[in-house]
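Next, two complexes with chain A in common: one pairs it with chain B, the other with chain C.
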Partner chain A sequence: MKKIFIDPPNSMILFDIVERLGHEPLSTMAALQERVDNLEIDMPPMNVTLDDVISGLKYAGIEVPSGIRGRLATWGPHIDEADAAIVMAEAPYSFGCVGCERSNEMVKYLLRRRGIPVLWVEYPGDKEAAMRMLEKTKEFLGGLE
Partner chain B sequence: MSENKPRMRETRLVMISPASNVTPDLLVRTAHALGRELSAKETCYGCLLEGDPATVAEARDELRKLDPHGIYSKRRAYPAGDPRRCRAQHGTRPGYAQLESEWKLLANLQNAMDAIDLGEKAPPEPQKKILPVREFKEIYEVNL
Partner chain C sequence: MIKIAQLSCGTEYSSVQSEIEKAAFSVGGKMVYPDVGADDIDAAVKEFGFNPRSPQLKLMIARAVQLAKGVYDADAVFIATCFRCAEAALVRNELRRYIQEHTKLPVVTYSFTERMKSAQLLTRMEALVTIVSRKELLARERQTGLTAGLDSGSSTTKALVMKDNKIIGKAWMPSYDVVESATTVLNQALEQAGYKLKDLEAIGTTGYGRFTLGRHFDAKLVQEELTVNSKGAVWLADRQKGEATILDIGGMDNKAITVRDGVPDNFTMGGVCAGASGRFLEMTANRLKIDVTELGKLAEKGDWRNAKMNSYCSIFGIQDLVTSLGEGKAFEDVAAAACHSVAEQVYEQQLQEIDIRRPIIQVGGTSLISGLVKEVGSVLGEMPIVPPDSQYIGAVGGALLSSGFLM
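Then we have the complex of A and B:
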């Protein structure tokens, strides 16, 4: 069983597919659960601790906006821990008011810098795209063993 | 399980594809019928399961048997009914826009999984065409 980083990191589709194929998805939810259960902060991820701010500096410079640094403080340790990654390109919900395109670019940069195998899959906007996505994912995860 | 022993929590969000015939009520009844130390909360999109990780994984596998290609799940950071997130207590739900967006895609995935099981092969990805300059000019010179 390999640890697979998924991007968007809270995607249910990728989380479910990786689990179905017998691997462990590394997602935002697990990182946030630690903060919800163990730390006395009001509402993660809206509120962060000083440790989060400091650990975010490992992944993004001090001049980078705090929102990006906060996101990378959550996702960065998972990128370090991952054996491989699956990135869903052009997912509409990772862009705009619910996402952050600069953070997404930083995640892709960090993945490339680590040099782990990365699969770029299509957004399953129709049945054919979903079939291509499933076949590619199955082949990719099968090849990791 | 001893009352004094610390237990790990896992909360799992189970979502039904729009193309599936399973109902949230059936999911929750099935989860309760397992007779495990597990809490199940019915929601509009499916249900929330909460318990220790091994029991939740077992319940997830049992629920999937109802419709193997129509039931999807992911972990959830906040516990079920947490006042910071629960709508019943006017909590915010910042991830709901994405959940709704992914829910609409689940029918595509369900149909794709059914087709792959029947032995169909995925059609090749359509090539992206380069936009000719003449057509591009027509687009940007359009007089609105």
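Then we have the complex of A and C:
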């Protein structure tokens, strides 16, 4: 079982595909769940704290807006520990979205910089394309073993 | 509860969302989030005409369109985005303009960092709530009875006594202990007016120390300085009807407020850098070994172009000043450069966040520094009106509005 970072990191569909194919998806949901479950943190709605935003400095400098650093602090550690990643380009908001395009770009860059295997797929426009995407994903994840 | 619609990007990932909600709640407001369907977003962005890359900015636009169309009901609007995000800054300002063009809702904009705390938002939120909940009081144009206003500012404390729409006593002093400073100036103002404290029918307090003074003097009105100063400014300038922009360059923060019939509908309050505040002019005067009251006249005689001073920071600004003096520049030119630097920064950092409406009324203690007023006029291309007693706006507003509580 490999740790797979998914992008958009809050995509339930990508999460489900990776899990069904026997791997561990690294997602925003998991990152936020850890924070929400921690009763000592009271920073609703997502329990992203000032310390998190400061720890985001590992990924982007102080001149970078706080919202980007907070986002990178949330899933940056997952990028660091991932064995591979699946990135879906041009996905609609309902598929998964993190709100900030600069953060999206930085996530893709961090993945490239790590040099781990990454599957780049386009959002499927119809059923056939979706089947092809699933096949490619299956093949990619299978090849990681 | 006053419903304040939040249009924002990045608050939940910057650890500031709970601070925003805390600030609103503490002044009787509640943050609300206009409902938007996923399908509405593209249509709203198309209608708005600006297509940002970031989805959360698209969501902000869709929420604004819901407000503009009256689909979602709110009393005021708070627009906030991350400090230093260029895309968000463009959207923030254009949305503010869009909301003002399509609704009558009061709007405040803010760019936050992860360090923002609820206290920094308190005055802005309080002003939004006041504008909505005290419409009748803010419409008041004449002072009645015998009332006093106390303005506890960061640099100076002011007291003013009014009777039947006339100023009959006033005094100010540098701020130290909040209650002692206010007691001293109030006693002086009362002595001038020929009355005792017990004769006053109502007191209104504003400024940083307003809550402490409100409790101490059992004030009928305890209100933030944005709405109180606006009322004081239009009363003093005799511009109660129509539109105007009020510019108050304070000791610690600056306020730029647009008003319609004396009631604010948009304001910006900055305090990020002391280089754009009255405090910098005080530091300049100290370095020139003159009293700050003499700085304006000196600056009027000088030409800012002859001395370099274009730093955004008061410390670096003073370094520029020291360098200029070391190079043998004339005191007049250095004083003019300091005034120009403050005027330019207020223009660049704050006045870009509102749509300036004529006339511009410059008030507050720094409006007595004639060199600064001249430079503000030169930067804006129009000389501001400086009404008489312009440093007493807060106290006048307090006396005027508190008379609204008399039976």
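Going forward, the second predicted complex is superposed on the first by the 131 of 145 C-alpha atoms of A that agree within 3 Å, B and C clash if a C-alpha of one lies under 4 Å from a C-alpha of the other, contacts with A are read in each partner's own complex, and residues count from 1 in each chain.
The rule is short, and it goes like this: a contact is a pair of C-beta atoms (placed from the backbone, for glycine too) under 8 Å apart; a residue touches a chain by one contact, two chains touch by 3 or more.
Because the structure is predicted, anything quoted here is derived from the model rather than measured.
When the shared chain is aligned, chain C comes close enough to touch A:I54, but chain B does not. Look at A:G143: by the touch rule set out above, it reaches neither chain B nor chain C.
Shared-chain residue A:M29: touches chain B; no touch with chain C. After overlaying the two complexes on the shared chain, residue contacts for A:A129 are found with chain B alone; chain C is out of touch. In the superposition on chain A, A:C100 makes contact with chain C only, while chain B stays out of contact range. When both complexes are overlaid on chain A, the residue A:G70 reaches chain C alone and has no touch with chain B. In the superposed model, A:I13 makes contact with chain B only, not with chain C.
Judged by the touch definition given at the top, the superposed model places A:P44 against both chain B and chain C. Across the two superposed structures, the residue set of chain A contacted by chain B and also by chain C is 42-44, 92-93, 98.
Put simply, chain A touches chain B in their complex at residues 8, 10-13, 15-16, 19, 27-30, 32-33, 35-37, 42-44, 92-93, 98, 122, 124-135.
On the side of chain C, the complex with chain A involves touching residues 9-18, 38, 41, 52-56, 58-59, 81-85, 87-88, 112-115. Chain B contributes residues 9, 11, 13, 15, 72-79, 82, 84, 94-95, 97-99, 101-102, 105-106, 108-109, 111-113, 115-116, 120-123, 125 to its touches with chain A in the complex. Residues 42-46, 48-50, 52-54, 63-71, 74, 92-94, 97-102 of chain A touch chain C in their complex.
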